[in-house]
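Shared chain: chain A. Partners: chain B in the first complex, chain C in the second.
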Partner chain A sequence: MVKNALTTLLIWLTAILVSGVFVWLLADIIIHGLPKLSWSFLVETPKNAGRSGGIGPIIVSTLLILGVAMVTAIPLSLATAVLLSEFTRHDSVFGRLVRRSLDVLAGVPSIVFGLFGNAVFCIYLGLGFSILSGGLTLACMVLPLLIRTAEEGLQAAPNEYRLASAALGMSRSATLVHLLLPAATPALVAGLMLGVGRAIAETAALIFTSGYVDRMPDSLFDSGRALSVHIYDLSMNVAGGDASAYSSALVLILLLLMINSIALSLANQWLHRSVVTA
Partner chain B sequence: MSHFINNKSEQVDKSNTDDAYTLGPLQVGLPCCMPEPLIRVDNLSLHYGLKPALEDVSLDIYKGCITALIGPSGCGKTSFLSVLNRLTDLIPDCRISGNVHYDTMDLRHPALDVQRLRRDIGMIFQKPVPFPLSIRRNIELPLREHGMSKQAGLNDVVQQVLQDVGLWEEVKNRLESPALALSGGQQQRLCIARALALQPKVLLMDEPCSALDPISSGVVEDLIQRLRGKYTVVIVTHNLAQARRIANYAGFFWIKDQRAGCLIEFGQCKQIFEAPVHELTAAYVNGSRG
Partner chain C sequence: MFLSRTDRQLAALLQGCALLAATIVLLILLFLIKESWPVLQHVALTRFVIDASWHPVQGLYQLTPMLSATLYSTLGAVVLATPLGIASALFSRYFAPPFIAGCYRRLIELLAGIPSVVYGFWGLITLAPLIGRLHPPGVSLLTGILVLTLMILPTVALTADAALAAVPLAYVRGAAALGLSRWGLISGVALPAARSGIIAGTLLAAGRAIGETMAVLMVVGNVVQQPQSLLDSVRTLTANIALEMAYATGVHRAALFVSGLALMVMVLVLVSTAELLSRKRHYG
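What follows is the complex of A and B.
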């Protein structure tokens, strides 16, 4: 009886503690970040090392880096996941090797990816400090996560679909497109959101690859400063940059929420379309 | 000829809803005057890895007839059906030996057009597997994949096969609603309709009624009876009374020596149930073993 009550108490305490930390964090950012947040903050260029002015170019750079990362990582990860789940045997040497490598890669600290990206994309491929280098480095970083979640989503699709579809003389690719991918969509979206979250919050890997420059980028070959790098710089290197840092952090969180809800609603629409009509 | 009449006469007018079906009235007996083998299986053995699942099975499936396969779980009935439409291709490690011929085709030929074959030999599973699509899309999807794209033609086929399985009146006003919302029996009939839409010659049914309630099971059983003559049906069933009611031929599988399944006895349904040659068959159909 006492033991039970104690357990309940403990569970509640942890729940309150966890959500308390989250609420505190959010409140802190909102309280400090909201006053400076305005339309001009969103569109203007930073002045005085970011102490005043806005974060227009930085938002653009962030979205470009994220765009490059996702445009590269999504098709690659989907293709790899399909290959692993549908076209290789689960216990094959190839499959085991790839899975093990991915799991190790997923745990590698991001700064290592930064150094790798710097060596490969910036120097070896000659892309220099650029949005392209940064985006490709982030793609490498989120690839393991995206592949593993997509693969697990496909694996979780009922095997009966594969059998029933084959028994109707349908090809494997048709089964994949019409039945397995839709069934795996929730998992794909969940993985995508985790990936976007990791990518948009990345600082270490980007400092070495996409650089610090806070001008508006002209092309993907320009250096561009990501929001997370901006926040890091403001709070570490710029005295009196705290207010801007808070506002930038708030923008970062809002951006993440926005991207997530767009991804969710797109997926819902697509699912709905493929389920109900042609 | 008369040996085909293996059904009791009270089965004849069991259903009074004939007008809901377009496949025609219940047929009892006399499906075909001259039994003509459509699928011939000789010395078929099947291994999963090193484990034998079927050993030395030989039997003929007769055109237009209903062939029932009975036997305890695990004796390889599902595996046997999967050989006939090459669904075994999907199982890694599955090795087959022996000869299987469909019409004049060698079913084990490596260059066989498997997708084409599976349109000819449809399969119904124990658990109904409607796709998570609308009722209409369930039937249209395989048709579209096989190159039929005119919506008018598709509409006709959808209506035709739904009428064939007696589902049209029940669903004609909600063709766009999800197939998963149908009842179990309706789902199974939708799956049969989906298979019929491809105009198969043979239907393999793996315990099609065992996941259904008795009423739905009866409806599906009636439907299978209506398929006789127009389609060649191979049905696995654990319901001996059902096998006895609907089948022209019956095969009894058993696990020999705790090892592999094999065919103990095959023959006309009446003979298997009323005058079995093998003592195992006798014990099984009388319910004293299995």
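What follows is the complex of A and C.
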């Protein structure tokens, strides 16, 4: 009886401790980040190595890197997921090999992606430190996540759809386009947002691929500094950059929360619509 | 399987894409080996342990201070995060009322989504000065362990939660029918049944801790030395790569790729073991 009460107490204490640390972290960043946050902070260029001014070009670079990553990763991951779930038997050797190598890819540390991106995109392909290099590196990184979620979404589509359309003599491609992909859309969007969240939070893979330059990028071949790299640089290399770093961290967290809630509401909407029309 | 002509064309296209996606991991290994070849070719692997110091430009390649920093910080974080994570999972599954349990799970998910650079920044600005009061300079192995603990706690908690959710309801009902107390149910039935899933989650978390770069880089002080105490500044393998890649050339650069290769091998061993364990669960 005493043991029971004691463990209950300990487990409640753990939960309170974890929540407490989380609130501490969040409150710390909100309290210190909010004063500097304003419209002009979001659009102005950084001055004095980021101590003053804003983060306009950094937000643009971040979005461009994200755009490159997603434009590359989405078709590739969708194709792979469709192949794995609709065009190969679950126990085929090819399918198993692809799944296995993607599992391994998912475990590769981000700094190793940074080394790889630097060696391949910056040097071997001659793209240099550029938004393109950074985006392509991130694309490799989020690929396993996107494929896994898309595959799960497709597999969750009711099997009746496949059987009924086969009975109607529809081709597999038509079934895919008209039935399975629409049915899997909520899962696809949710997976996409997870990928975006992972990409936007990434730092280590970007330092040696997209670089440090905090000017407004002219093209995808320019170096651009991502928001997370900006926070790192301000806190480690710029004395007196803490205030700007706090505000940038707040912007990053707000961006992530926004992406998260958009994903949730989109998924809900689609789910609702497909139920209504069904 | 009957396929029309369009289907066959589509299947071929998809196969091409899947092949590309599957070869990325091979490409990574290939390029890591290619870039580290200048060092691997001429330098015996034992030199990474027995050389006098880490001065790759002068041909001294001792990596042990970085290796031990990585191992200590990972070990410390796993030791702290495992009980906390399992307790978190137990809390939301067996102890908290449904509403609080839902909120708590959401909070852990949010915690998992916070960027590592934000953890690092918070550790540097808030945690390090607190520890610095205990023993300057504050940026130390201990700070790194605490930040890492916070970062891998969600991984442990979420995987343990999933493993506990997969415990067959019949076990739980049977335990309740035998009149076991709540703790008796958890320690005697639920935890043993979920054991392999929890261990797999812990291994995944350890892999994440080994590979983590930014948060650790920002709070451990980055002095290349064998740590004598928890309050010493250290430099991990990942931090070493991040700090020196910017200016490394020639053999120095190749040596950094060797440490990247070492990292990848360590993480792969952990991830594969975790996968093996979680596969076994389906048969057990």
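By our rule, the second predicted complex is superposed on the first by the 232 of 278 C-alpha atoms of A that agree within 3 Å, B and C clash if a C-alpha of one lies under 4 Å from a C-alpha of the other, contacts with A are read in each partner's own complex, and residues count from 1 in each chain.
The rule is simple: contacts are C-beta pairs under 8 Å (C-beta built on N, C-alpha and C of every residue); 3 or more make two chains touch, one makes a residue touch a chain.
As the structure is a prediction and not an experimental result, all values here were calculated from the model.
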| item | value |
| --- | --- |
| Contacts of A:58 with chain B and chain C, given as first, second, both or neither | neither |
| Chain B versus chain C as contact partner of A:163, first or second or both or neither | first |
| First, second, both or neither for A:112, with chain B first and chain C second | second |
| First (chain B), second (chain C), both or neither touched by A:171 | both |
| First (chain B), second (chain C), both or neither touched by A:68 | neither |
| A:236 touches, of chain B and chain C: first, second, both or neither? | second |
| Touching partner for A:179 - first (chain B), second (chain C), both, neither | first |
| Residue contacts with chain A in the superposition, chain B compared against chain C | C |
| Footprint overlap on chain A, where chain B in one structure and chain C in the other make contact | 171 |
| Interface residues, chain A side, partner chain C - complex | 1, 3-4, 7-8, 10-12, 14-15, 17-19, 21-22, 24-25, 28-29, 75-77, 79-80, 82-84, 87, 94, 97-98, 101-116, 118-120, 124, 140, 143, 147, 171-173, 176, 197, 200-204, 207-208, 228-229, 231-232, 235-236, 242, 245-246, 249, 252-253, 256, 260 |
| Chain A-facing residues of chain B, complex | 85, 87, 89-90, 92, 114-119, 122-123, 125, 127, 129, 131-134, 137, 140-142, 145-146, 176, 178, 191, 194-195, 198 |
| List of chain A residues in touch with chain B within their complex | 89, 158, 160-171, 174, 178-179, 182-183, 274-278 |
| Chain C residues within the chain A interface of the complex | 3-4, 6-7, 10-11, 13-15, 17-28, 31-32, 34-35, 83-84, 87-88, 90-92, 95-96, 104, 107-108, 110-111, 113-122, 124-126, 150, 153, 181-184, 186, 204, 207, 210-214, 217-218, 238, 241-242, 245-246, 256-257, 260, 263-264, 267-268, 270-272, 275 |
